[in-house]
Amino acid sequence: MIKIMIIVLQLILFIAAAPILSGLISKIKNNIRLRKGQGILQPYYNLAKLFFKGEVVSETASWIFRVTPIVVLSSTLTAAALIPVFIFSSPMRQAGDFLVLVFIFALGRFFLALSALDTGSSFGGMGSSREMFISSLVEPALCMVILSVSLQFGSTDISAFNGIHAISVSSIVAAIALFLITIAETSRMPVDNQETHLELTMVHEAMVLEYSGRSLALIEMAAYIKQMILFFLIAQIVFPIALPVFSSLTQLASWILWYLTRIIIIAISAALVEISVAKMRLFRVADFLGFAFVLGIIAVICAMLGV
Amino acid sequence: MMSTFLKQFLIFDPLSLFFLFVIFIISLPSAVYSFGYLKGEYTPAKITLAWFLLFAFVLSMALVVTVSNVFIFLVFWEIMSLVSYFLVVFDTRHEKSIQAGMIYIVMTHIGTAFLIAAFLVMYKYANSFDFFAIKNACQAMPLQTKNIVFLLLLIGFGTKAGIVPLHIWLPYAHPQAPSHISSVMSGVMIKTAIYGIIRFVIVMLGVNSSWWGILILVLAVISCLVGVIYALMEHDIKRLLAYHSVENIGIILLGVGLAMFFIRMNMPYLAVFSLMAGLYHLINHAIFKGLLFLCAGSVYKATGTRDIEKLGGLIKKMPQTSAYFLLGAMAISALPPLNGFVSEWLTLQAFFLGAFNVTGGAKLFFGICASLLALTSGLAAACFVKAFGITFLGQPRSHYAKDAKEVTLSMKAGMFFLSVLIIIFGLAAVKIMKLLAKVAGGAIGLDTGAMSFSINNFILSPQAGKDIYLSTPLLLLMLILLGAAGFCIYMLFGRKRVVIYRTWDCGYYKLDSRNEYTATAFSKPFRIAFSFFLMPYRRTQKIRESFYHIKSFTYETHTTLVFKKYIYDPAIALVFRLAGSMKRIQPGSIHLYLGYIFITLLLLIIFMRQF
Amino acid sequence: MRELILFGVLATTYLMVIAKRMPALIRGFRYQSFFLFLITLVAGYTEKQINLYFIALLILVLKVFIIPHVLNLIAKKISVEENLGLFVNAQLSLIVALALTYCSRVFSETLGFGMDYRLAAITVAFSVIFIGAFLMISRMKAFAQVTGLLVMENGIFLFASFVSGGMPFFVEIAVFLDVFVSVIIMGLFIYRVNKLFTHIDVNKLSRLKG
Amino acid sequence: MQIFFILGIPVLLALTALLVKKQRIFGILNSIGYLVVLCGSILLLKKTVLSGGVKLCGDFIYLDALSAFFIFVISVVAFAAALYSVGYIRKDIEKGIISEKKARVYYILFNLFCCSMLFVPAVNNLGILWVAIEMTTLISAFLVGFYNSKESVEAAWKYIIICSVGIIFALLGTILFYYAFSLSGGTRSLNWSIIAAGAANMDKNILKVAFIFILVGYGTKAGLAPMHTWLPDAHSQAVSPISALLSGVLLKTAIYAILRFGIIIIKGVGFAYFSNLMILFGMISLAISCGFILVQKDLKRLLAYHSVEHVGIISIGLGIGGILGTGGALLHVFNHAVTKALMFFGAGNVVNKYRTHNMHVIRGVINVMPFTGFMLFMGAFALAGMPPFSIFISEILIIFSAFLKGSYLVAFLLLGFITVIFGAVVHHFSKILFGNSPKGMLAVKEPLSGKLAFLFLFVQICAVGIVLLFIKKDLAWIVQKLFQG
């Protein structure tokens, strides 16, 4: 029973907290650019707006188009349930391991790509094609990262890296690789541009171009949650944190502070990367992800050498 | 009399029974399906012939996996090839079928020649054709000989299995057969080659060198990638599926190759586990590829074309077929919680467990293999987004697709059966693993009674003490519950107005099927990214009315079939050139002919002492 | 005596080699057969075998009279150009013939037939066989081929009679009949070839190739 | 005693052919006659296998299991050819290609041809053997030139000249054998049974030379490359039933002769010499036929080159020897005879219908003539060595024997060539059998007698293949019986 409570709690946390990360990143970006920019809570306003709006569905679309938002959200939430957030042991650890995470993301992406083709719009097809291209290139790099991490613990269980491990060269390299992957997966610069308004340069946005209203809100939400999951993973790899010792309130507070700070650090770096590079041509993404793959290999070698 | 005869020539160990099971579980729905498929497509006489051939085909496959005598194995092996050849050329009036059949039978015969050579060596040592006698004799075989036999067997069975670069026949032959046969061929027949590898290499020959496993792994990885990349470029739906068979055979062989490596490394537990992963993927591939071919057949039957560029929007015309195809596509793309996901996860897990347990460079090698497998599954997903999206979604691209109708009941029944199997094999993974443990243990020669691959009836656990778990039922439960939750959120904000309107067209107002994204366009990023291998080229042709006005402009893009262009075509051309130049020795001159006799005589007399 | 006749056989063979026209060739064959007849007669006389006399008679009748006559008859009937059509000119042919004779000598020695007259006989026999084959290869007309075949046959007969004193009698007879029949049949075919092709240049018969 | 029936019936039939006017009736009579011959040959085979060789007519005829086996093979193909001729000749007459009178000539020649072939294995005297083989050439030359077209006369001329030259060398070889034998013991005989008995004492050097002459001589007749040049011409131009006889059994009579001399050589000189020569010629035949088969355009020539190939295989089998090798080769003699006869019948029907030999023109046979097409299809696979058909078994026996003997190179080369040839066969036959038939080509009804001939042969192709699968053990026994002479 407690387990279910924890799961529900964790999921609610994810749903509630995920958008703020996006708001944070865009706030940081704007601040560095010396702009005022939108408020940190802007994603919530956006979601609320979408939820209260009606929606337009293409006449060409079939049931695939209608179920996709729900499938995407449910798969992302399932992934979220596999992540150890509160107690450093995934509440759903018996349902799957680190590898399953990859496949679950693939499920959502598969449907999203299909729904993009469903409306018969050429933008949708374009987005779908590009998204599948990028994501398929992500897979080998991700696999290498998982291997390098799990080599350190002798298991692919996510709960295994529960913070007792020391930071090693391997985990730093792995974290960098994962960071690159995250950039690609969360459609950020230099792979994709979330802020663009030109359909021809879109990847993720082109796929969801036909969505509006509540459906779009669900998809956006899923994207926020996915981003948060990936940030959590990076944080856990590169800034391992052990279980808190609840001896005093200050200790607890400092623990919580560190816990949040490390995620903010990652958000800041994401923002920094995004404002300091230009968007790449689609075909150069292969090189970019190839680099991530090589980093993964280096991480594995480091893990093999025990450093 | 009969029973002793059976005992003498047949074998019913778990391995054989497993393959028998695979054969029948795919053949049955295919046969049901063929009721509807054949009707109207062929004359009654031909339908009878098709039934007869299907029966003969299934029977020969069943015998291939159950005989216990090398010679009889060879005979049924060839009969199987022959019958399937008949089925490939079933549409005798199509030039394409004939061509495909020829490539198929010739390639498979070349493979058989290698098998014969391998069996010759085995026979020489055992002095018997019997499996058990050969198995005993193989222990005394010198390593060098064993290596040769292994290579011969690998080439021989590899040809049938479609390992790159011996896969050349597969994309020709499978699409040309009637669809229910394609499903049996792709689903089951190429698996008999896997049976051969397991039976003859692992069971009988015994693994003695670690490079065997590594060689198979390398070939398997290449097969995976080449298969899926070619599939991405393909617009003929059945040929696309055929290339995916190359890919999936690669994945199966990853499990088999790993098992061989672990046997050599003396890690029985991992060997059994890897072989199980391979076998699991084998049966899964049989199921979903069978289903996909049946669906492709339905599409062909309903529309009359296999070119997906001409299809589109079929999800509204053929809701059931499209649902089955979607299920199959999800399974082959390894999406949870379906069966393809389970076996691919197991294969990856086998690599990871291997990487945990071996030392040195093998760790990295396994890692790279695993990540290439991951790349493969990513590409496969992309390919099936294309296949399903272009075929079933959007607007119809031609009149073929516009006039399509849902297929008949028997065809739907065949597809439904396999769809159910996809789900069962996804969810009942624990039960199936228990059965597979017996099969794999029997093949490797281990008692698997003490080995456990699960903690209860729902949760797989590949290695005790490692905290690695997988539970497809649990995942499904989560997905459903959370999906329901998502639906609740969706509904939370009350019923809102949903407007059905035209697709966003940037104000163009005449959006039709010609504006849709095509399969060629979809695969373009991949074509560019893998251009070093695919070597795409364009052909453009301008027809000018005058210097200033171009009347029409055609543009084609193709990819180069590397293996065909650089290996097979030159080899064939060489053979024909040699043969053609030989013609010169017989120009019709009787004097020359008499001269030959005379010269032969003189030469023989001169060199008499050499003989 | 025997050596003289053998020399005659060889000489007539050379005569055929340098023959450029059909009648000369047939004449050569007739002379050769006559020497063969003489040799068999001599052998019959020395070995006191009645069989040999009979065979000698057969040679005289068949090979000296009937077969050349038949060939002439056909030649007259189809009335084609009498040139034989030489691939290799007469002088060169003679050199080749001499070389073949030398080869036969070497060959007979390696076979080990001793050094008596038999060696000479075997040499002549082999050279007749080889030169016959050479005639078949180097002459264009169908007649030359038939004659070449007959020359080879003569060589074999010579060989048989010297090497082992002739084959069993009825075999000998059967072979003779066989040769006779084959000449007749070949003649028939020459006739047909001439009718269909209006020539008997067998080197032009090259519709069937490859 | 059966041998007199076997030899007498064809002669009798040849005489009857002079009398019977109606060709159709005679055709049926002819078939019945050969059925009797076939029965006789089976009885003969049974007798000789069970009780060993017999001599008749004072040593003139010597029958052991080997000769009975060849007689059996000849009568099988002869019966099928007789059966097939009924429909074939009638069609030719209907189309006005030949006259009734010429058909009578055909039957006379057919019978004489069969008689001379049946005679070959029966005689004991090697000189008469030679005469008989030369007779087969002379008679069949007429059948090759039967249609009297430019091509057929050209083929007949080449056939008769090349074979005569070849066989003259064989005569020389025979004389050398005779000489060697007379040197060894003082007795003079050309009887095989006597020579074979005294083979061990003969002069090795002379025997070696003699065998070269024999091999080149009879090899010409058997179609061993590079003396095979007459074969594709003659086979492609002959009347189709005769093509079947030429390819199916005429070549085998020469093989028989080589084998008889070979037995003496094995005893006199040793096995290696015989073996090396046979394998050499077999390999050359395979290599050359392989090339020609690949690029062949003429249907009947294609089949003719297949004969060269299979004779090569037989020769390799004999060269390898042992129970497996020799057994395989002899089995191959039978299998090839039956299969090739079937193929030539099929080709005959096709050529008759399409009026061309060119395989680029012939298309869609299976639609025009379903029965013939089907038989050709099966026959092509049988010919290429696909199980469950019989040729597969004999080929594989030969390959096995080569391998077990340690001639790895031979085994692998054989395997390689067979595989390439398989490809070529499928390439050619799938093209002519399938596809769209030329416009205006209507489906035809095929004559019953032709169908019966096909079925008769096809049943044997299949049955032998399947039966042999299960009686491997008895095979050794049969081969031993064949060679106890």
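The letters A, B, C and D name the chains in turn, as written, and every chain counts its residues from 1.
What we mean here is this: a residue touches a chain if its C-beta (ideal position, glycine included) is under 8 Å from a C-beta of that chain, and two chains touch if they have at least 3 such contacts.
Keep in mind it's a predicted model, so treat the numbers as computed, not measured.
**Student:** Among the remaining chains, which ones contact both chain A and chain B?
**Tutor:** Joint contacts: the list comes back empty.
**Student:** Counting C-beta pairs in contact, which chain pair has more, B-C or B-D?
**Tutor:** B-D
**Student:** Quick check: how many Å separate the C-alpha centres of chain B and chain C?
**Tutor:** About 70 Å separates the centre of chain B from that of chain C.
**Student:** Taking the mean of the C-alpha atoms as each chain's centre, how many Å separate chain A from chain D?
**Tutor:** 78
**Student:** Where the CA atoms of chain B average out and where those of chain D average out, how many Å apart are those spots?
**Tutor:** Averaging C-alpha atoms per chain gives centres 45 Å apart.
**Student:** Provide the C-alpha centroid distance between chain C and chain D, rounded to the nearest whole angstrom.
**Tutor:** 31
**Student:** What residues in chain C touch two or more of the other chains?
**Tutor:** As it turns out, chain C has residues touching two or more other chains at 133, 136, 145, 202, 205, 207-208, 210.
**Student:** Got the chain D residues that touch at least 2 other chains?
**Tutor:** Within chain D, the residues that touch at least two other chains are 157-158, 161, 165, 209, 232, 292, 295.
**Student:** Mind pulling the residue numbers of chain B that touch at least two other chains?
**Tutor:** 583, 586, 590, 594, 605
**Student:** Using the touch rule from the top, collect the residues of chain C that touch chain B in their complex.
**Tutor:** Residues 87, 107, 133-134, 136-138, 140, 145, 202-203, 205-210 of chain C touch chain B in their complex.
**Student:** Show which residues of chain D lie in contact with chain B when the two form their complex.
**Tutor:** 157-158, 161-162, 165-166, 169, 208-209, 212-213, 215-216, 220, 226-227, 229-230, 232, 272-273, 276-277, 280, 288, 290-292, 294-295, 364, 366-367, 381, 386-388, 392, 396, 399-400, 403-404, 411-412, 415-416, 418-420, 422-423, 426-427, 430-431, 433-436, 469
**Student:** For chain B, which residues are in contact with chain A within the complex?
**Tutor:** Contacts found on chain B: 312-313, 315-316, 326, 330, 333-336, 341, 344-345, 348-349, 352, 355-356, 363-364, 367-368, 370-375, 377-379, 381-382, 384-386, 388-390, 393-395, 455, 459, 466-471, 474-475, 478-480, 482-483, 485-487, 489-490, 492-493, 496-506, 511, 513, 515-518, 521-526, 528-529.
**Student:** Provide the residue numbers of chain B that touch chain D in the complex, in ascending order.
**Tutor:** Residue positions touching the partner: 71-72, 74-75, 78-79, 82, 89, 92-93, 95, 97-98, 101-102, 105-106, 109-110, 113, 116-117, 120-121, 123-124, 575-576, 578-580, 582-583, 585-586, 590, 593-594, 596-597, 600-601, 604-605, 608, 611.
**Student:** For the complex, which residues does chain D have touching chain C?
**Tutor:** 125, 127-128, 130-131, 134-135, 138, 141-142, 145, 148-151, 153-158, 160-161, 164-165, 168, 171-172, 175-176, 178-179, 182, 188-190, 205-206, 209, 232-233, 236-237, 292, 295-297, 301
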